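Okay, got some structures for you below.
In the two assemblies presented below, chain A is common to both, partnered first by chain B and then by chain C.
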Partner chain A sequence: MNKTYYSKLIFELSRPGRVGYSLPKNEFEGYSLVQLGATQSRQTKTLLPECDELTVVRHYTNMSNNNFGVDTGFYPLGSCTMKYNPKLNEELCQLPGFNIHPMTPAKYAQGSLKLYDEVQKTLAEIAGLSRFTLNPYAGAHGELTGLMVIRQYHMSRGDVARTKIIVPDSAHGTNPASAAVCGLQIVEVKSLADGTVDVEALKPLLGPDIAGMMMTNPNTLGLFETKIPEIARLVHECGGLMYYDGANLNPMLGVCRPGDMGFDVMHINLHKTFSTPHGGGGPGSGPVGVRKGLEEFLPNPKPLSNSPEGEGLYLRCEESSLGYISFFLGNFGIIIRAYAYLLSLGKENIPMAGKLSVLNANYIKESLRSHYELPIDTVCKHEFVFDGLREEYGGDHHSPEHVTTLDVAKRLLDYGFHAPTIYFPLLFHEALMIEPTETESKETLDDFIAVMKKIAEEAKADPQLLKTAPHDTPVRRMDDVKAVKEPKFTFKAL
Partner chain B sequence: MMEKDMQTAKHSTPLLREGQGGGVAFKYFPHTADDIQQMLDVIGVRSLDELYAEIPEEIKLHRELNLPSEKSEEEVRSIIQGLAAQNKPLTCFAGAGSYDHYTPSVVPFIASRSEFSTSYTPYQAEISQGTLQYIFEYQTLMADLTSMDISNASMYDGTTATAEAMMMCVAAAKKRNRVLISQTIQPAVLAVCKTYARFHGIDLVEVPEKDGLMDKEAACQLIEADDVAGLIVGQPNRYGLIEDFTGMADLCHEHKALLAINTMASALAVLKTPGEWGADIACGDAQSLGIPMGYGGPYIGYLCTKEALVRKMPGRLVGATTDADGRRTFVLTMQAREQHIRREKATSNICTAQGFMCLYVACYLSLMGPKGMHEVNEQSYASAHYLHDELLKTGKFEKVFDAPFLNEFTLRYKGDAKKLRETLAEEGYLLGVPTLYKPDCLTIASTERRTKQEIDNMVDIIKDLKI
Partner chain C sequence: MAKVIEGLYYAESHEYVRVEGEYGYIGITDYAQDQLGNVVYVDMPEVDDEVTAGEEFGAVESVKAASDLFSPVSGTVVEVNEALEDEPELINKDAFANWIIKVELSDKSELDKLMDAAAYEAICK
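Let's turn to the complex of A and B:
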């Protein structure tokens, strides 16, 4: 990443007559698009740019220089598990043998089907569940699919009254959104002062209309819900199922499995826990796992072993399934990357990833509590939340002049760090949610800690410096209001 | 008790194995033994396992994971190469939503720049201008291709993008939850929409087909009932045929329904566009814009609409603005529409910004330009029509439909179509996909990547077959 401002758009580099591709000569005489009539043909010209190859390469290379990634520096981004993305995975997902058409007969796709099966089995062992589908495309897509499994299960039993789902107030925003898309009504359960689910508040919510409960454990404050066996028992007793939001699975690897905690259905974010790149927000992958007895409800198509037509794996579509939720078998290219990671780590290192992520998180927490407000003082798991700066460092929430979490976040950019997740969870006004991950070294953490302390000192001495940050990035703070008030979403609108 | 103590002791040492530095010695973990000890001291615990002390013992896993041991780089490469070798790539004459187009080498090269690939969703705009700029370009390109005002940047694939379009119709309508969908739309799109509709409480009604095209008369009757939120149609359709939507937009609008057209993205460069048909929503899969078939993913769905519907559109949107120094910059905007703000009031749970694939598409279209997109379609059209005619000449196929097509078509095989497909696979060719509900038919596609030689060779094999 460099600091040189580059904001050209490809349309501004276009010159009529230039091309950036080469195709062989058309070998087929007598066939032409002009044979299509005007009713079928495009009437308006496109604005597609006309550029030579080097112009395109320089353009995107210059743009990449204004971008921060895990390969650039530390991302203490809570709830996002920004771990290192191994390069071997990138190499292997591009093997030409994997570039086959999805409707290739199973007989000619055995390698891909075996890989799918190996990954689903590995995830099942890690999760303590029976079977996984890898078809969902992202974490939110996995949530939706998992909730569909739950509804399908109830409907298959004729238990159609279960239309409500319990979600803690600290849940990721996608939880209630996925439930709403799945046609479920959301019942919110309050957290206790220590940030965990209030079991007493949960009890009166349970009844014959409850389809289940969604939880992430550790929760969004990075705290392990120690009452989980009791919560699971209560929900099961009322006939509901337990859904595990796998966004926070990383610290639990090999130590305590969702299935053993009492969960029935879960999703895993391969782009978090299993190191596939975030790619600027996607594509991800959100496999969904289920307890024994729920496998039949998983989405179609399903790669299964013991093909009736002979040896090997085959694809089956089952009537009892919830249906199709994707074009085919999900983001296969992402699944290959995750498999390379799982093989590399093996049974020895998978648990170590979780433990070291917890070590890193607690180390930062203990090192910074002198300067930042720690609302919940206990051992955390992979992440934790500060409620802004401590009062003595300009963090007095009641003062209109106080230095906000946004200011701290923006100042961090000047020092070459990505900002933590801010203003989430919603339980605190100035939430600053920090998740290091196990791939960060002690030196990196020490640098981050030193910078965070320096920023706190700056907040005390010169709050304006933070309020106008960042100062040392390719561009300065954005006018977000203008973006909404004068919306411009295309080059044409500029 | 003894056994439990021993397990705890075994788990409590941070030094699982003695590496050279005495740490955990694994290439993705930087911690030395000293690091771990110093960090534990700062935290005030004695072991890594003490960090998990609050977890009830009865739910902890008191054993190793039942998985293979760690593997070296060469071993991992060898295992995965071995699996890739168990696939037998076939010369592809199949489509049905995934097309074998040429990808300029620049595209994967640029997309693999780790400043792009290892970045997060561009919340911190000051250090994410690269991502934001290419998404802005992607939005411009897709809006232009579809002749719509705006495009989002968040759809997983064409099937889910169409399901989002369906939910958008219902969200935009006042108290209507019936949506029509043409039976001639790609089968995978129809299947996914059905699933979403069933759970979301949408009354999804299928418009029947007539002679391989949507039965427009039937559609009109349904729309005239004045209880329809939207109509979803596919172009080209599941048989590869080009539909004629003349009059559909006006009819929909007259009856306060939205028109959503799902188009194979590459075809947008040459076929009458959703905007030109008067559609309110354009959606579909952009895989055909140079994204490898990759056994079905990752792809990217597109979703474009008119300005008036922007607040009903799900997913991420990048807008232009200025920074504190007045320079042109880009930011994620209109986030009040999104799932993480609306929570239970959300009409979509989309969280993804399909960044990496937006870059793929933006880079592809920048290289291809208007001329390249025309030529890709010209050549795909020509090779598909040549193949179509050559197959008919064998005397073993017959036409099923009369409507024009672009690069995909459906023919009836006079013998056993399933067996023909199997036989050709043995010879290294993937001849189309089985046509749903028409077991004696195949829906076959071609692209600019297929040579005359490949087609002639395959047709020669077919000629020699006994039906």
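Let's turn to the complex of A and C:
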């Protein structure tokens, strides 16, 4: 890293009058196209940075070198499925035929519409459901869309009293948030000591006011919920629908299907499970699938065949739909990438992705449990949760001076790894959630395990080293809270 | 096991009041700080603000969550614990010593609706 060019803002590198261009002589000096009033014309200088081209290039190149992504290093961020994004996806989504305007008449966009339809059919087969919409722009947008489907279903039957939704205490924070945005009241159901949903605690919550239940399987602890068929039966008996949060679909790929377990509605994160870009804005994509009988409630517009326009696929808007959640067909470039991934693996190899992700997670878990506290001792799926360092490595929660999960995560940055997810799920004090995904080699996993063990030894020998980490990153430990409470968004505020 | 102190008044929402004459010191319980984990910020009202029993008067943020604070009693804020502005983690070190606000009580009969140490200890199990 070059500190001259990286650690300064472009404004600090600015020198009055310095430019990186030369313009021809202005032949219209003093000539103005329109006379603007004082309120419309700028009264102060623009204060843009003034730099030569080489300074600009070095500044931004050095800054970009300090980015961290799955292309630069291991990224075990639990619950995020940071698998590798194959470069083939990028190449295929740039094929000129896909470079069309969203308002292109359907007649001239048959290739793109066919791709949309094939992705939706493939996802439906993987999920064991009837039909998908690919319109939602992200996972949480998919959750909201799915809950709107559930609400629309109840409304269509005139059953307007179903205003509550059941969410386990281990759920992703987006579940209650999406339900609240959808106007539903959240009812929390507790987990058992083994981390799965407590069926006995669920029973008294069920009734004629329940719209449905949201579940993640494997749950946020990376554990397979074994009582889904019974839970689904109970929820269906009370008239509610089952919603599957597809955030953790990866280990299930090609092995088991939410539709077969009794789920009625679900979303999938293409940017997790189907290898499309993730982090730094993605953009995301959160397709929503439904079981047979709920298709009509999916959002408009819908590419459907057998239309009056003739052969092929045409965009339809159905009266019974929940309405629009986006005006066009989602983040289409992302859908193309997911299609490339689906076809690259093929039906035969898709189950390998899930199985290898489970193997990798269990390998790390078993290798590190000697140093980190494993609160639930069982085979995990694609991810697992430690409750901080073990007591003998300075992790005693009751000591105010204990080495925290935050300290471990910060120290990992010094070793060139992205930190795992920390302090989620909320069931444990010092949660440290690791998800390696299937795309990492054994060598990478071994390196990570060695570093995590080394950090535990450091915590025992010299806790201060961790408390003051990171030491080797461009920016040292930041005051996260102050950054949120007193944000400075402009150079002038500094 | 979380600590509970005799002689304080407790609310179901895990705040306590320590009464001294006409004044009440309000904070969160040891159980609450333990559930929250490392406290990183305390959002407090200002002196002379009115607080009402059962209503929100601020918030505590930890590494895990942001939780609203509910006043167990009504009254006027006469002092806020300024030490928490720079060192919110004092709440983790000793939640009962590090109260959040001091209130001039407007209705002492409200204390009768709160729990004693034994009743509070029972709901924390």
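Note that in this section the second predicted complex is superposed on the first by the 425 of 494 C-alpha atoms of A that agree within 3 Å, B and C clash if a C-alpha of one lies under 4 Å from a C-alpha of the other, contacts with A are read in each partner's own complex, and residues count from 1 in each chain.
In this section, a residue touches a chain if its C-beta (ideal position, glycine included) is under 8 Å from a C-beta of that chain, and two chains touch if they have at least 3 such contacts.
Everything numeric in this text was worked out from a predicted model, so none of it was measured.
Visitor: Between chain B and chain C, whom does A:Ile350 touch in the aligned arrangement: first, second, both, or neither?
Guide: first
Visitor: Check whether A:Asp480 is in contact with chain B, with chain C, with both or with neither, and answer first, second, both or neither.
Guide: both
Visitor: Looking at A:Thr4 after the superposition, I want to know if it touches chain B, chain C, both of them or none. Which is it: first, second, both, neither?
Guide: neither
Visitor: On chain A, which partner touches more residues: chain B or chain C?
Guide: The partner with more contacted residues on chain A is B.
Visitor: Between chain B (first) and chain C (second), which does A:His429 come into contact with in this model arrangement: first, second, both, or neither?
Guide: second
Visitor: I'd like to know which partner A:Leu406 touches here: chain B for first, chain C for second, both or neither.
Guide: Second partner only, chain C.
Visitor: After superposition on the shared chain, which partner residues are touched by A:Tyr339: those of chain B (first), chain C (second), both, or neither?
Guide: first
Visitor: Quick check on the superposed pair: does A:Asn306 touch chain B, chain C, both, or neither? Answer first, second, both or neither.
Guide: Neither partner.
Visitor: Chain A residues touched by both chain B and chain C?
Guide: Overlap of chain B and chain C footprints on chain A: residues 424, 480.
Visitor: Could you please specify the touching residues of chain C with respect to chain A in the complex?
Guide: Within the complex, chain C contacts chain A at residues 37-38, 40-41, 61, 63-65, 92-93.
Visitor: Mind listing the chain A positions that touch chain C in their complex?
Guide: 400, 404, 406, 422-424, 426, 429-430, 480-481, 485
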